[in-house]
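Quick notes on the structure that follows.
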Amino acid sequence: MAVWSYLSVRKRVQEIVAIARPGDTVSRVFDVSIVVLILLNVAAMIFESVASVCEAMDGAFAAFEYVSVIVFSLEYLLRVWSCVEDPRYAHPVFGRLRFARTPLALIDLLAVLPFYLPFVNVDLRMLRILRIMRIARLAKLGRYSDSLQTLGRVVATKKEQLISTVFILLILLVIAACLMYYAENEMQPDRFSSIPMAMWWAVTTLTTVGYGDVLPVTLIGRLMGALIAILGIGMFALPTGILGAGFVEEMERRKQPRCCPHCGKELPK
Amino acid sequence: MAVWSYLSVRKRVQEIVAIARPGDTVSRVFDVSIVVLILLNVAAMIFESVASVCEAMDGAFAAFEYVSVIVFSLEYLLRVWSCVEDPRYAHPVFGRLRFARTPLALIDLLAVLPFYLPFVNVDLRMLRILRIMRIARLAKLGRYSDSLQTLGRVVATKKEQLISTVFILLILLVIAACLMYYAENEMQPDRFSSIPMAMWWAVTTLTTVGYGDVLPVTLIGRLMGALIAILGIGMFALPTGILGAGFVEEMERRKQPRCCPHCGKELPK
Amino acid sequence: MAVWSYLSVRKRVQEIVAIARPGDTVSRVFDVSIVVLILLNVAAMIFESVASVCEAMDGAFAAFEYVSVIVFSLEYLLRVWSCVEDPRYAHPVFGRLRFARTPLALIDLLAVLPFYLPFVNVDLRMLRILRIMRIARLAKLGRYSDSLQTLGRVVATKKEQLISTVFILLILLVIAACLMYYAENEMQPDRFSSIPMAMWWAVTTLTTVGYGDVLPVTLIGRLMGALIAILGIGMFALPTGILGAGFVEEMERRKQPRCCPHCGKELPK
Amino acid sequence: MAVWSYLSVRKRVQEIVAIARPGDTVSRVFDVSIVVLILLNVAAMIFESVASVCEAMDGAFAAFEYVSVIVFSLEYLLRVWSCVEDPRYAHPVFGRLRFARTPLALIDLLAVLPFYLPFVNVDLRMLRILRIMRIARLAKLGRYSDSLQTLGRVVATKKEQLISTVFILLILLVIAACLMYYAENEMQPDRFSSIPMAMWWAVTTLTTVGYGDVLPVTLIGRLMGALIAILGIGMFALPTGILGAGFVEEMERRKQPRCCPHCGKELPK
């Protein structure tokens, strides 16, 4: 006797577009379809850049582009329309506006907006850069994974310390680049032409990437280079140690408060 | 008064081909011999590829190939024949089929099958690729090490989080490759010719391998390259932190049994 | 009715130049201004090295140099003058001398001293090297971050073990360089011309930077190179493991105060 | 009234050559002198390889060589002579032989032996290789550090798991090299000329050294290269996680059993 009223439809739509609850097959199918479409979009963007593939299948890419923009637009509209069923966004106007301001909703909007904007016809390079935002659709996938959220929580807990590590890395980078600039500028004025150029060398060395396009050749330069490469090991040790402790913490936080099976009392952790 | 009946022989064969129990010298010798033969096979495959060695010892390699295929075939047949002694594969037909479907048994089969297939005479390149499967014999070694199984258990416990890390790595890869493609395509149309090519650069940078064959040269490209190289440190920190916590967990799980502070009885782990 | 006597002014100045206490807005503004000025100085030094920027804005850089040296000099004098308010440096002469000998005060002095020294007019290269000390101003930033101090404390706790790791790295470096020198010297007398040159290769390999400018080419050289590269993984594992344990320790030290299970009273950490 | 008998001298010599006990200044001076001489020897070996330094100071190096070999020989003889004071090596003949068989004593012997062997005059290349053993003197330094022994203990506790990691690395190496050989051999027959050559590539990639001298260029080769580079991250994560857990374990093992300051009873860990 369920009346398919406007409100009950909206409630059902909200359930479908939200993350599926166990047993809700329709919502689950919707979630999976959207994820697959996002992945297909990313694949299309990647293969479109290959000249040979692009020429052969230009029409197919354009058609797929149209279809997916329509689906994502519909999905976005359904989300905004039905979000008022969520008590947090209950107000018909301000609730929807607040929902539209959440990062995930903004990403959803930015993923389709470039297609509708009129000035995309003006500058093709602009379009290209806007199109990169499409990758943001991938970020939606995070919604669907429990394990990703654990990683996110650990990183979030240690955010401050990780930023400090990046800060130390930047200080080391500037010091290393300045010293190397003064050491190598005379011998290699084209490669170590300025401190920003020396910073490119410092990044590739401190992160141990080591492309080998910019290199110290003087004795003092190589001594400093060796020191900086060794400090690079420390650069790996700091965030790894921080996140390691974070994962140990998370692991301990998840341990159930255990009870003694003999006397039934709760055990100290 | 042991009757050397068919059944008792099969039981003994099953004991020998299974991992040796302490004190069972015959089974232990069998295990070690198989491992040594596997290692010799791998060595043969490696040295066969060296032109000078191959020419000098072509006959020896062929003979060794014959001998080891015969030994491995016999071993496989003995395993399949005797597996019904294991209660899990008790049924003479379906039990053996189920045993043949286990990963280790499949590997054993694939390691000898290419030799018997008739079409190996058709295409030599096909033979080559099938021959790679022979390395699968190495995976058998895992059966014989206790410490390897500990590592395997830790990795298995954290499998989900590790896959999430690879997933994050892939997302970063795609984003990095897309941005770099748009930044560098104009300056280096031959090196950053497409997004898949830019992904090759992104892999070598995010993993800090840094071959240096594909490199950003523009200012914006280098800025992004620096950012991606720094994120590469994070790519090392995540799995390391996850596995670190896994090993701490494993270590704690092995600790002495604790006693309840309320009733004094021993607690289950 | 506060009398603005010499002493009360000195007290207030000392409060302002020290790290701001919560609620002390003036001191906070002072702290932030100094940090911003330090960062601007670093930025100026970096961009001054770019030829095109330097030519266009030479006057602006010189003026900014004058202004910031004056501000930093004033700051240094205020710190030395007011430090006697700190009970540790209470004596008007010896207290100030002891304050001037602290690392942070020495850095503050070295950051402005080169500007006043007369011999800067003699040798421009000398000036350049002295100017690098200016980066020392960045080290002041450490004063202002809580999270940086946590990192510093963990590193300080494990200082001895980390130094041992560097010591092991140096031993491996010397051994690797000597072996590689004897292996590769004959084939590549220009690249592996001496053990110090081989050490440059060993550093880039053990730290996994791998520029690729110096490389083994002989069979024995590559075998040793492979071994050293694998040991390089261990070089990362040691400091990471040490710091990981340090962060776990720090994390546990911060936990909730526990209660004694015998008498129920709170335990000191 | 101490009689300077043969025995009391031997006892004193044994005390001096052993690691100094707190307060024993003579023994401490001896220890430090030996360490300094070892370091000078290493420095001499390094600088002797530099052509310009070697020519200018050839006589000085030879003289230093003579002096240090005499000192190290005397030290070795004193150690062997006095070792019988140690209850473990009490027997005048067998005790000394057992002492001479300890790794440290063997290293001491190998460090001076090449100098006395007659055949050093026969082949200069032989001399060179024997001279490398001189680096063994560095290993003596381990005796003098407490913190190094902690590291050694952690590594020793996890030895089995670390070896398993190296074993996994070797399996991955062989598989990666075989696959890459079949993928790249046709396109780059000179670089991927055999599986051992492909293994050199695989080592530089799995350890993320990435020299860039051997590189995949085909599509399938790059796909596999990317996969192997990502597995390289795992290669860092495994030993780091193992050692991380080892350091946490060591840290917990050192925690004193604490007592409650209120009731004096021992607290559970």
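Note that the chains are named A, B, C and D in the order they appear, and that numbering of residues resets to 1 at the start of each chain.
We take it that contacts are C-beta pairs under 8 Å (C-beta built on N, C-alpha and C of every residue); 3 or more make two chains touch, one makes a residue touch a chain.
Quantities reported herein were computed from a predicted structural model and do not represent experimental measurements.
Undergrad: Give me the fewest steps it takes to get from subunit B to subunit D if each step has to go to a chain it touches.
TA: 1
Undergrad: With touch defined as above, tell me whether subunit B and subunit C contact each other through largely the same residue numbers, more than half shared, or through different ones.
TA: Over half shared, hence same.
Undergrad: By residue number, over half of the contact pairs should agree; on that basis which option among A-D, B-C or B-D is the same interface as C-D?
TA: B-D
Undergrad: Find the chain most remote from subunit B, comparing centres computed as mean CA coordinates.
TA: Of all the other chains, the one whose centre lies farthest from subunit B is C.
Undergrad: In whole angstrom, how far does the Cα centroid of subunit B sit from the Cα centroid of subunit C?
TA: 44
Undergrad: In whole angstrom, how far does the Cα centroid of subunit A sit from the Cα centroid of subunit C?
TA: 31
Undergrad: Please output the residue numbers of subunit D that touch at least 2 other chains, ranges allowed.
TA: 199, 208-212, 236, 240-242, 244-245, 248, 268
Undergrad: Using the touch rule from the top, collect the residues of subunit D that touch subunit A in their complex.
TA: Interface residues on the subunit D side: 208-212, 240-241, 244, 248, 268.
Undergrad: Show which residues of subunit C lie in contact with subunit A when the two form their complex.
TA: Subunit C reaches subunit A through residues 42, 45-47, 49-51, 128-129, 132, 135, 138-139, 141, 145, 147-148, 150-151, 154, 162, 166, 169, 199-200, 203-204, 207-213, 235-236, 239-240, 242-248, 250-251, 261.
Undergrad: Going by the contact rule at the top, pick out the subunit C residues touching subunit D in the complex.
TA: 160-161, 163-165, 167-168, 171, 174-175, 177-179, 181-182, 193-196, 199, 205, 208-212, 215, 222, 225-226, 229-230, 232-234, 236-238, 240-242, 244-245, 248-249, 260-263, 265, 267-268
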